[in-house]
Structures are given as C-alpha cells and as structure tokens.
Amino acid sequence: MIGDSITDCGRKKPEGEGRNDSLGTGYVSLVDGFLQAVYPELHVRVMNKGLSGNNVRDLQARWQEDVLDLKPDWVSVLIGINDVWRQYDLPQIVERHVLIEEYEAKLRDLVVRTKPGVKGLVLMTPFYIEPNPEDKMRAAMDRYGAVVKAIAEEQGTIFVDTQQAFEPVLEHIYPAALAWDRVHPNTTGHMTLARAFLNAIGFAWNGAK
Amino acid sequence: MIGDSITDCGRKKPEGEGRNDSLGTGYVSLVDGFLQAVYPELHVRVMNKGLSGNNVRDLQARWQEDVLDLKPDWVSVLIGINDVWRQYDLPQIVERHVLIEEYEAKLRDLVVRTKPGVKGLVLMTPFYIEPNPEDKMRAAMDRYGAVVKAIAEEQGTIFVDTQQAFEPVLEHIYPAALAWDRVHPNTTGHMTLARAFLNAIGFAWNGAK
Amino acid sequence: MIGDSITDCGRKKPEGEGRNDSLGTGYVSLVDGFLQAVYPELHVRVMNKGLSGNNVRDLQARWQEDVLDLKPDWVSVLIGINDVWRQYDLPQIVERHVLIEEYEAKLRDLVVRTKPGVKGLVLMTPFYIEPNPEDKMRAAMDRYGAVVKAIAEEQGTIFVDTQQAFEPVLEHIYPAALAWDRVHPNTTGHMTLARAFLNAIGFAWNGAK
Amino acid sequence: MIGDSITDCGRKKPEGEGRNDSLGTGYVSLVDGFLQAVYPELHVRVMNKGLSGNNVRDLQARWQEDVLDLKPDWVSVLIGINDVWRQYDLPQIVERHVLIEEYEAKLRDLVVRTKPGVKGLVLMTPFYIEPNPEDKMRAAMDRYGAVVKAIAEEQGTIFVDTQQAFEPVLEHIYPAALAWDRVHPNTTGHMTLARAFLNAIGFAWNGAK
Amino acid sequence: MIGDSITDCGRKKPEGEGRNDSLGTGYVSLVDGFLQAVYPELHVRVMNKGLSGNNVRDLQARWQEDVLDLKPDWVSVLIGINDVWRQYDLPQIVERHVLIEEYEAKLRDLVVRTKPGVKGLVLMTPFYIEPNPEDKMRAAMDRYGAVVKAIAEEQGTIFVDTQQAFEPVLEHIYPAALAWDRVHPNTTGHMTLARAFLNAIGFAWNGAK
Amino acid sequence: MIGDSITDCGRKKPEGEGRNDSLGTGYVSLVDGFLQAVYPELHVRVMNKGLSGNNVRDLQARWQEDVLDLKPDWVSVLIGINDVWRQYDLPQIVERHVLIEEYEAKLRDLVVRTKPGVKGLVLMTPFYIEPNPEDKMRAAMDRYGAVVKAIAEEQGTIFVDTQQAFEPVLEHIYPAALAWDRVHPNTTGHMTLARAFLNAIGFAWNGAK
Amino acid sequence: MIGDSITDCGRKKPEGEGRNDSLGTGYVSLVDGFLQAVYPELHVRVMNKGLSGNNVRDLQARWQEDVLDLKPDWVSVLIGINDVWRQYDLPQIVERHVLIEEYEAKLRDLVVRTKPGVKGLVLMTPFYIEPNPEDKMRAAMDRYGAVVKAIAEEQGTIFVDTQQAFEPVLEHIYPAALAWDRVHPNTTGHMTLARAFLNAIGFAWNGAK
Amino acid sequence: MIGDSITDCGRKKPEGEGRNDSLGTGYVSLVDGFLQAVYPELHVRVMNKGLSGNNVRDLQARWQEDVLDLKPDWVSVLIGINDVWRQYDLPQIVERHVLIEEYEAKLRDLVVRTKPGVKGLVLMTPFYIEPNPEDKMRAAMDRYGAVVKAIAEEQGTIFVDTQQAFEPVLEHIYPAALAWDRVHPNTTGHMTLARAFLNAIGFAWNGAK
C-alpha cells in the first residue's frame, strides 16, 4: 500500500512492515489488523510504502524500487492530496504544484506499468475533509478524484471513492472533529478509509465473519 | 471503559478523551473510531479510564472518582490480568498478588455499586495469549475468567469472553506474533478485542452498516 | 493584552514581558515592536497575559489577578475562539462548550468591572479564517463576534473587527496559506491582526511616522 | 534576501521559504508578512538565504548557487557585520577579518554580476547598535556602511541606511534594550529594519493601504 | 564470544571490550567477571562480538572480520534463536526465516573454517524459556539445538546445552519471571547461562577456588 | 541489603526490587541472580535498599522505615565508605565527615535494634581498592573495617571482610582496572564482593551445586 | 562569596561548594583554585552563594540564611550590576530598577549587620565592560561603584575596584572580546577579577610563592 | 598547545580557539586567560589542539596537519599519560599500550621535526596524582617523565616537570581531592599545571605585573 502521509502515518522506516507499529497508525494498520484478526488463515502480508509529503511525481521516482521490484500480488495507491494542497497552502512555490494533466499522465503511467504483473490494483481517490463542494480546494480535489475514477474504469482496477466515504460522516460531524487540518484524519477518519478499502476489495467489513 | 494497560494503551493523562490519541492505541480507540465512523449520528462519548499495572484493588480504590462520579450511561471493565500475572512473574512479591477470592469479592462489589445507576455494564474477561490450556498462568487466567462469567450471569451484565475471542486467531498465528509477552497485543490483538466488544454490545461489526 | 493561544503565541511564563520573545511571536509582539520602533519616546509597556486554550470562563477566573491587580492604563481582550471551537471539534465534551448567552454575560461582566479604572478598553472579535459564511463554525463565530460588537457599542470601548480584517486577505489567499487549522495564523495573519489593532487605537500603521 | 545572522534569524534549512517560521523571526519575516497581509494580490514570493556568521567572502562563495541560479526578480543584501565584528571580538584570528578593501571589491563584484539579470537590487548597510560614533567598532562599521552607499550610488541600486534607521530609536532607548550584544536586534530592532526596507522599495509602511 | 542479542546484551559498539559495561550486562560479562575475580593470574581477555538480531547468516557474513581476523585462542558461539523466532513472530516475512538445513550447513561451515586455528571452540545451543516441549516454537528450538549437538560431536568441540541448563530452574520459576518474552533472560537467566558455560570449559563455578 | 552507592548501583527507585535491573547492576544483583539460578526452590526475596552517597548517619535516619518496618528475615549492611571518603576528597566540608567514634556508635545502634527481630545479620566492611596499606585513606578505611569486625564479633553477626576479599585480586590487577576511583568497582569487583558474601552466608559459590 | 550571575557563573545548586565545578567557572573558582594550589596548607574553604539575576534587594532577602547563618570568617560581596542594568535594558519594568539611594541603604545595612561577626569583609564594585565613561550605563555604574567605595571606607572593609581593574585590559582589547554583552566576562575577564580580589586580600597573585 | 584529555578538557571541536570555552576548562584556558589579562598588549594567540584519549602515536599521526601546517611560533606538548595508563587499566588490550622505547622514539621524532621552524618548544611531563613513588603506575609515569626530561635537555627545549609541581600540593591535599581518578585534575590541579607552565616560559605568575 503506497501513498503520502495518510498512508505513511508514522510507519517504521526504511521498511513499513514487521513488528507492531511498523505499519503506522492509519488505515493501513487497520486494514492489516482486520485481515489478520478475521482471516488469520490467509496469512496476508501487508507492506506500507507511504511517505509523508509525496505527490505523484515522488511515487513515479521510486515506483521501480518501492513497488515493482517487490513483485507484490496486490498494489493499492492513495495519492494526489499534496499535488493539490501545495497549490493552496504554498501558492507561490509553483514548482511543488502538480497540475491535473501531469497528475493524470503520471498516475496512468504507474497503473499501466504495474497491471500486467499483479493480481489486482486498488486506486483510492485523494480527499479533502471539507463538506462545502464550492470550497476551492475541495472542488480541485474532486477534479483529481474524477481523474482517478476515470483511470480506474479505463484500466479495469478496483476503485475506492474515499471522498464519498466521508460524506455520511460529515453529515453529523464537523471537519475539525475528524482532522485538525481537514487532511490528516484521526482514528475515526482512518476507520472510514479502512472500511471503504475493505468493502472495495470484497473482504467486507460487514461480511459473514 | 476502565481497566489496566490493555485498556490504557498510552492514553492521555489525566483525562483519556478529547483529541486524537487521547484514547490510546488499543481496543478502546478502535471501538470509538468504529462507532464514530459508522454511527456518527449517535454522538457516542467514550472515555478511557484504563491505567497501566492496575488490578482489581486499584480499580476499587479509584472507582468512586473515576467511574461513579462521572455518572456514565454505560461502563465496561477489563481487569484481572495483573491480579494473576504478578503471581507468576514476581512470585516473591506476594503483596501484589490478588488471589481469586479477593478478586471475585472486589469485582462483584464494583458491579453491585454501579449497576443501579447505569443503562448497562460490560464485563470482559482477562486473557492470556497462550494456546496451551495446561500452561500454569493460562489455567489461572481461565479460572479468573470463569469468575467474571459467573458474576456477569449473576448480576445480569453483558459479558465478553476475550479468551475465547482469541481462540480462532491462535489456531493460525503463534502467540509471539500477537503479543511479545503474551499479554500486550498488537493491532491484530486489539482488533480482536474490539470486535468481540462490539458484537457483545449489539453494534455488530458485521451489522447492516 | 489578554486572550487565548492567539494572544499567548508562545509567550514567556509566568510573565509575558521583558526580554525578547517574552511577548511570544504573534500580534502582541508585532504591536509592541511597532510601538517601540516608531514611538520610542512613549515608552509604552506591553504585557501579554494570553493563555493557550482559554475561553471567557477562564478569563473571568483569573481577571482579578491577571488584569485588575496590575492596574493597567489600557486593556485589550481577544476571546471567544475556544468558546466556539470546542462545540465543533469536541462536540461530545459539552462541559467545555461556552454557549453564546454565557459568553455574552461573562464578557460584559469583565468590561463593566474594568472600565472605571482604565483609560481605555479594546475589544477584539474572535475570528475563523474560513471565507464561506455558511460554514457552521464560521457562522457561529460571526454570532459571537456580533456579541462583542454589541458590548463594545453599549459600553463605549474601542472595537476591532478581526474577522473583517481578514476579508481582503482571503480574497487572494486560501485559508490553508494563512493558518493550518483556520485558527492559528502565520505571520501574515498576525500582521493582519496587528494592523487592525493599531488602526483601531489610532497609532495608525499608515500614520505620518 | 541574503545576508548573515540578522537575515537568517533561525530560518528553516536548507530552504528558507514555505510554511510558517521558514523565513525565521527577523526582518525578512516581517517584510514578507507585511507584503502578504497588505498586498496579497501581488503574490510576492520571498526567500530567505541568510546564513549565520557569513561575511562577504561567504556570500561570494555561494552566490552562483544561492542567488543567480534562482533567477530572482529582486535581490536584497545585508552583509558586513561579521566582516567588521571579527576584527574586534576575535582580534587574534586574523584570517577571519575581512578588511575594507576586500569588502568593497567583493561586494561590488556581487552587484556587478547580478544587476543585469534582475529588476532591482537592494543594498543594506551593516549596522552596530551603539550610539557613540567614536566607539572603535561603530566607527569601523560606519566606514563599511559608506562603502555600501558608494557602491549603491555607483551601480544605481536601491539603498537602505540601516544605521541611520536606528538613530531616532537610539535617542530614546539604550542599546541593551534593542540587542543584547549590540548586533542581534529584538523585535523592535527588526521592525526598524523592516520599515526602512519597505520604505526604500516604495511599498511604504505608511502608504495608503 | 559471538552471537545474537543474548550475547550482545547492550555491549559497547563497535568494540565489545575495554572499560566497564563494554561487555554488556549478560552472560559474557558474568563469565568475564568470574574469570577476572577468581583467576586474575590468567589475565584472560574476553571480547563480546554479539549483535542483536543476528542469525547464522549474519554471523557467516562477518565471520572473517569479527572472528578469524582477530586470531582468538578460543571462540564461543550462541546462535539460532532468531533463525527460529522469525518463523513464529513474523511468519509472513519469509526472507528472514533460516530453515534448519541452511542453519546446519552454515553453522558447520563456521566451525570447520575456525577449528584449525584455535585452541578450542564452544558451541552453545539456542534456547526458548518455555517448559512445554510441545509448544511449536520450543519444539523447533529443540530441533535446532540437536543440530548444534550433532555438529559439536562431529567436530569435537565443547558443547553447552543451554536449554537443559534452564530445566531445573523452570521447575520452580514460571517463564515470565525469567524473561518477559521467553527469550531475553534477566540476571537469573544469564547467571544460568554463565554457569553452564563455565562448567563446560572446566573453570567450574563449583571448582576448588 | 542496605548501604551506599556500592549497594545501590543504579537500582530502581523508590523500590529496589521487582523486574530486571530493579536490583541495580552490582553485587546485590549478582547475589540474587546466583540464588535464584542455583537455589530456585528457596524462592528467596532480595530487596536492595542502597542509596548513593549514604553514610551511617543516613542509614540511621531511614532505618525504621527502610529496614525494621519491612520485617526482613535477614539484613545485610555495607556502610562506611562515604564516612571516610569525605574526609579525604572534601576535607574542608567537615560536617560531612563521620569520625570513627560516631561511626562505631551508630553502626552498633543499628545492629542492636535489629538483631532481636531477624534470623541473621550480615556486616560487610567498607573497602578501598588501594593495595598500599600506608595510603592515608586506605589506612583509615582499615580502621573502620576493624570497627565492623569488632561489632560483628561482639554482637554475633555474620562478618564479611570485603577488603580482604580484594587482596588476591589486587596481587594481579592494578586498582585502575577494577574501579576508576578505587571505590566503585566494575563487574570483576562486584563479583568479588558477591562471592565473599555468598561464602559468608554459607550458600557457597564453590558449594556442591 | 556572594553576588549575582558574575559570582554564580553556573555554580552547583543549592550549594555552591564541593566537587569540581561546584563553584562555577568564574572568578570564585579561580580564586579558590589559586588558594588551594598555592596555599594548600591553609585549607581555605570557599563557598559560592552567587545567584543569577540578583540585585541588592535579593541579597538582603536571603542574607540571614545565605550568609549570617553560615557564620563565615570572611565575606565578599559583588552586587549592583542588575540594579543598574534593568534601568537600561528593561526601562519600562520600573519595579525591577534599584535606584541609587535604595542601593546604598541596603548595601550599608548588609555591611553593618555582618561586620561584627566576621574577620573581614570584601566589597567589590559592580562594573560595566565599556571604556567610554560618557556611555549612560557606564556612567551610572560608576556612580554605584562610588557608593561601594564610600561604604567600604566608612565601614573599614577591604575594597576591590573591579572597574579600575579592567582599565588596562580595555586599553588593548575591545569590549566584545571580553564579554558578549559587556557584562558577563570570559575567562580573561574573570582572571582580571580574580587577580584584583587576590591582590586586595593580600594573598597577592604576584607574591613570593 | 597539544596533548590528551588534560589539554583538551572539553575544548570546542574541530577548532580549539575563538569564543569563550573554545579552549576548554583546563590549564590551556587558564594560561590564555592569564596572558590576555596581564599582558593584553602582546595579543598572544593560543590554540588548543588536545584530544581526549590520545597517546604519542596519535600525536604523530596528526602532527603534520595539527601542528606543522599551522606554522606556530611556539608549541607545547603534554603527552604520555594514556601511553602508561592503558598498561594498568586495560592490561589485556596490549595493542593500546605504548611502551617506553616507542614513546621515546616518537616523542623525539616530533621534537626534531618541529624545532627548526619554531621560536620555542615546551615539553611537559606526564603525571599521576599519586604521592606514593612505589605505586606501580606512578613509578612507570616517573620513568616516562624522565624520558621527557632527557629529550628536553638533549634538544634544548623548555621543560616543565608537572609531577614535581604537584608535590607541594600533595603534601597537604589527598589525591582524591585533586582528581577523582588521579589523572583528570579539578581547577586546583589545572591551576598547578598553569603556574608551572607560566613559570617555565618566563611570564611568571609571580612576576612584576
């Protein structure tokens, strides 16, 4: 499972696997904990390759080493938040902005290079924990999310709409109670992400077990 | 939710509630995260009153201040591991051993004093992540667990058999992969506890949501 | 100058005056630096009595010791952000919510007790660096700001509309570039507050000097 | 904006720009905060390239990488304090003294190499917060300041006489209240520098805004 | 004396010899302390070359530099615990499992390469402080111990059965009172190892001195 | 076991018993480790009540709380080094010198008050790891040691001559190789003390076991 | 020896005597080191009772406990720097200014109360390492120094003119090479103070020894 | 001034000169402070090139870079303590012992290579703060001191007999009051070394100044 700080979430470096806390304290750890606890007979092996601050450019730069060389069976990607965020929190530093055309091209490239060698790929949309769809950064994030959806459909990968997963929660909880900066979720937010992921891959949270 | 280090799990002191990580990183946080994410409309308020190293004597000493004075709707208790463990890891320090008669009397006292003022009480058995039932400490823990079950039935509280919850996991995973000391679980172990708790209180992990 | 973390801003404890950095790194330090640099002949003495996390209840509890006993010539108050914020980021912890009626009563009480002994009082509205007026927390903050304005008019104090001061900046800069949590401003935000304050007290930023 | 510790002032390394405090806590941060708060529509981008302890030799050694390669529109330079100071606080370590001929030659070289590629250059004099013009180090600093003025006139750059900016303040405040070592100013001193800079570049502190 | 964390036990890096605590706080220090105190006339020189986490592969990789190049008179080896443990605590990370065939081949190789150049070699079995011989990890550890014994007999080295040395202690003390994870012993456990070692090399703990 | 820094040796505070390292890293830990490892069936309980810097006055002041109230079966005392040392390393600070008359009176008082309630008492001489008997501080230490011996004989307690125990070691090892300040021993020195103690109480290091 | 930070100089708290560095790293340590090295037969005992930030008011408040109760043979006092300095570096905080009338009265009171019980008293002037006698703070310090001299003559105590002691050094060394803030000397400055003190008490630096 | 830890004494790295404390807190700092305070007109420049743990081999290895390349006017050397000490505190680690023949050859080599290019050379003997001349390590140190004296006479350098300088002090003060390990002196010991050095170079401590 690869991505930015949402995926990283304090994982152990250099390798995000092994003893407790190696997977960090976010959705990756929750997904792993759920799978080990409910389906121990599968002996699933989860690796967290998230890195704080990464955008799709950074993923591309380390994709060979951090994904392809490991020959994974499954790959999950959650990227794009920093691609958008830097356009809004550091507007002057334009060299750190990843515009939507570059985002789309680079993300598609990763998928195309990876798909032939894996059993499955999961693409998760970036998200912004802001309920107002007219908020500028939320609107931008939605456009990047639509790119992810389009690539998922085009390439036939599993798709997780994380922004949509937050909708029912945001009906009852104000953003500040989920994430101090509307980006980095607390446990409630990561539980929301983990449930959306597990539902998408069919080891449903609400399954028979 | 009150108990020992399994409940505490690094919660914030003096109050185990509020911002992220205030509830620690154990089953309490997972239960809260699940309830907030799946049932945000309930606006459940969870407080973690666990304290590392506590036994039933310690709970009794702080019960008025840490439980009754807060006038909770629901109370959950997971106690007994240290009552037993000290008999095995510090055998000479007998003043820290809580024998089964004292354990039963003190735990019953807590339940009797609390029940009239709450909507519900959850009693969780202590556990030992050791699959061999003839292991001396496991056998002792089972006897303490049986006391919890008897009090739960006698007093009409909800009952969570945590030891039983670990059984299917231990069929596939060796104890050292769940807890370095067979007592303090990793995320997989806490997920197991959280699921058992949620199933018992009827907000089932495998519910419609 | 008294208030919450916006005023405190890392000031020295227990006394927020004296050597460099004693006033913190926020608007209080900017106001003091400006007055010392441009009007050194006035030998103004500025004390920072802000405390992180404070709401109007906390101010009331320490008002005698931290304000009246010091016999100041001028007093400035910026309070209310935490009164509102806790209703949105910690919705379950109701004992930390200060509803608008209590806020109004307590703030008026402070003004009434203080006014007779000082040359002047400055009331600053709480603010929320969120441009969408329909955002729930922004709307609430506006209601608290209206209370401040009403008390200022009723009691004849100087009034600083901080929310309004942020408007022209927010036309060009997204909130995330001013404050990571839409509450704690960076230097740009504190400069905005300092200018609004200085304009209000008539040592105008854009004066002859 | 490049220079020594007065410019550096605790800025983030390796890059002095980005999130809050990246620009340090000195005049650079005040200038940036003022421009962002009062002229947000300009979207000015300020970079702090100051390094503690630098003299004009150090600037020359890193000028290509730290200034020219960045292709700035505007460049501001405040250098010379360490060139002089080492002659007085470390008199025996002569290899760290930059005598006035070398200072003049090197500073002129920087200006000549830079001017063709930028919209404007700002030269700030070094200063010593000591009101006695017959003090040996103050007298030396004045001679270095005169060199800066001569180069500014000769090369047609903007000129900021920082020593003169301190004069009206020093009429009312003793040096020890502005800088513990008569070199590193507190906020009052940095506000004095920022105002002199802004006045010189015509975004006057006392402008219409 | 070379091995894993049992041998390392916090020794000084890079060299495990010299002033107090350089040998760590485990059996190596106890053996050295005993020999220096009881046989000071021998001027024995003990070096601790243990490294936490090592398995037999790691020993092989550093054997030339850390053992042969030092031209020791005697060599003692305690390795195998991590070879087995990783199969049980990190079952998914198969690249860190050293199966018994590889263990045997690599350990024999070390002995064969070393024997010609030394006065003597001591092979110590790995151990697991678990009294139940049917425990899966204990049973595996016994199989690795049998390999050590077979190599010792085949190659004519001194042999220390550490697992057997713990038997009489485990008759009276529960594992948790000897080692929190059944692997890393407290002082009682290291004293048990030291006595077994000293008896084996003939400077018997219960000798005439 | 009570005493000064030789006994304390980094033990856990406030209670010097329990988990590993609670007994410190000196002779107390070695004695305990030996007894637990060789005679586990005795279930001996050892408490370390040493405190760095203590002299006999300090012991007297805390004797009731730290010894008598605990109702021990056996008590061991090693005191006197600081009583002497301060006369030599801090000669001007006379109020910290405990002269021999006071030492004798206070030590005898402790023995007389304790003997009736215990099965046995062990008196250990203070020592100085200096082989020259004409060294001033060594000569003084010998006089204090003679006092201990006299009291032991007079009161019928077990006696450990620690100074004598170091003699055969000092024949072969220079003091600096045993203790950097000729007072605080390394493991070799503590092993020497532990052996002398165990021999004296009849669980001889070189016994049948 | 009592005073402010010049005397304190990082001494051990609460007691400024005993092992190395207990006396700090200033003139007190140099005086003591000189006396112990050159006149070891005197067994002089020096105590450092300096406290950073102290003025004469602070000395008066702790005089009974920190001087008279100790029944010293000799007392040395260096006070007044902070009494003056606060008037210049913190001009607005008037409650921390000790004006010259109060300074004189309080210092005389200390001398009068102390003289009858001691063999001798040494009064040292405060100083300011600034060669310009017209500097405002230097001129003020000279006035306070004149008060010390007058009291010394009036009361018949030994007198040390520290300001005068710095004169020949300042002829050759700029203040910044002696003290970063013209107050806290480096080793050269403390050596200057120590020599002046030793000359005054007649154990002259340039004596026969 | 070059040597081992006695010279180093916590000096700044990599260069032992410059601001306060750069010279460490030992005899080098005292010598420099004395020369600057008493002979400021000389503008002496002192560099501390001592390194803890060094023996004469280490000096030889860095002599070109740390001495000759600096082209000093004067050089002072205090080496030999570690050459001897390691033979006594780490007797088994023979590769760290520098025997007297090697010591003599290497020290002479340094002197021979240096003398032609300097105004003067000062050779200081190693010392051991132990008054008993029959102590083994003291006797060895005396032999190494004799080597230094012989080389000084043979090569015509200035000679400082540090061991002799300690003699009159040791008549009145026990070693433990001068140095906790009889090697690293406190301020009294360093003052003794500084006086011996200054007397030897003719800027006598007891000179006219």
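When the chains are written out, they are named A, B, C, D, E, F, G and H in that same order, and each has its own residue count from 1.
Here, a residue touches a chain if its C-beta (ideal position, glycine included) is under 8 Å from a C-beta of that chain, and two chains touch if they have at least 3 such contacts.
Because the structure is a prediction, the values reported are computed rather than measured.
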| item | value |
| --- | --- |
| Selected pair, greater C-beta contact count between A-C and F-G | A-C |
| Inter-chain centre distance, subunit A versus subunit G - centres from mean C-alpha coordinates, in Å | 66 |
| Distance from subunit G to subunit B - Cα centre to Cα centre, in angstrom | 64 |
| Interchain centroid distance [CA atoms averaged], subunit A/subunit D, Å | 45 |
| Multi-partner residues of subunit C (at least 2 other chains) | 19, 43, 89-91, 173, 180 |
| Chain pairs in mutual contact under the definition given at the outset | A-B, A-C, A-D, A-E, B-C, B-E, B-F, C-D, C-G, D-G, D-H, E-F, E-H, F-G, F-H, G-H |
| Residues of subunit D defined as touching subunit C within the complex | 19-20, 23, 25, 29-30, 32-34, 36-38, 40-41, 43, 168-169, 171-173, 180, 186-192, 195, 205-209 |
| Touching residues (chain side subunit B, partner subunit F) in the complex | 89-93 |
| Subunit B to subunit C touching residues, read off their complex | 17-19, 43-45 |
| Parts of subunit C lying in touch with subunit A, wherever the complex brings them together | 85, 88-91, 132, 134-137, 173-174, 176-177, 180-181 |
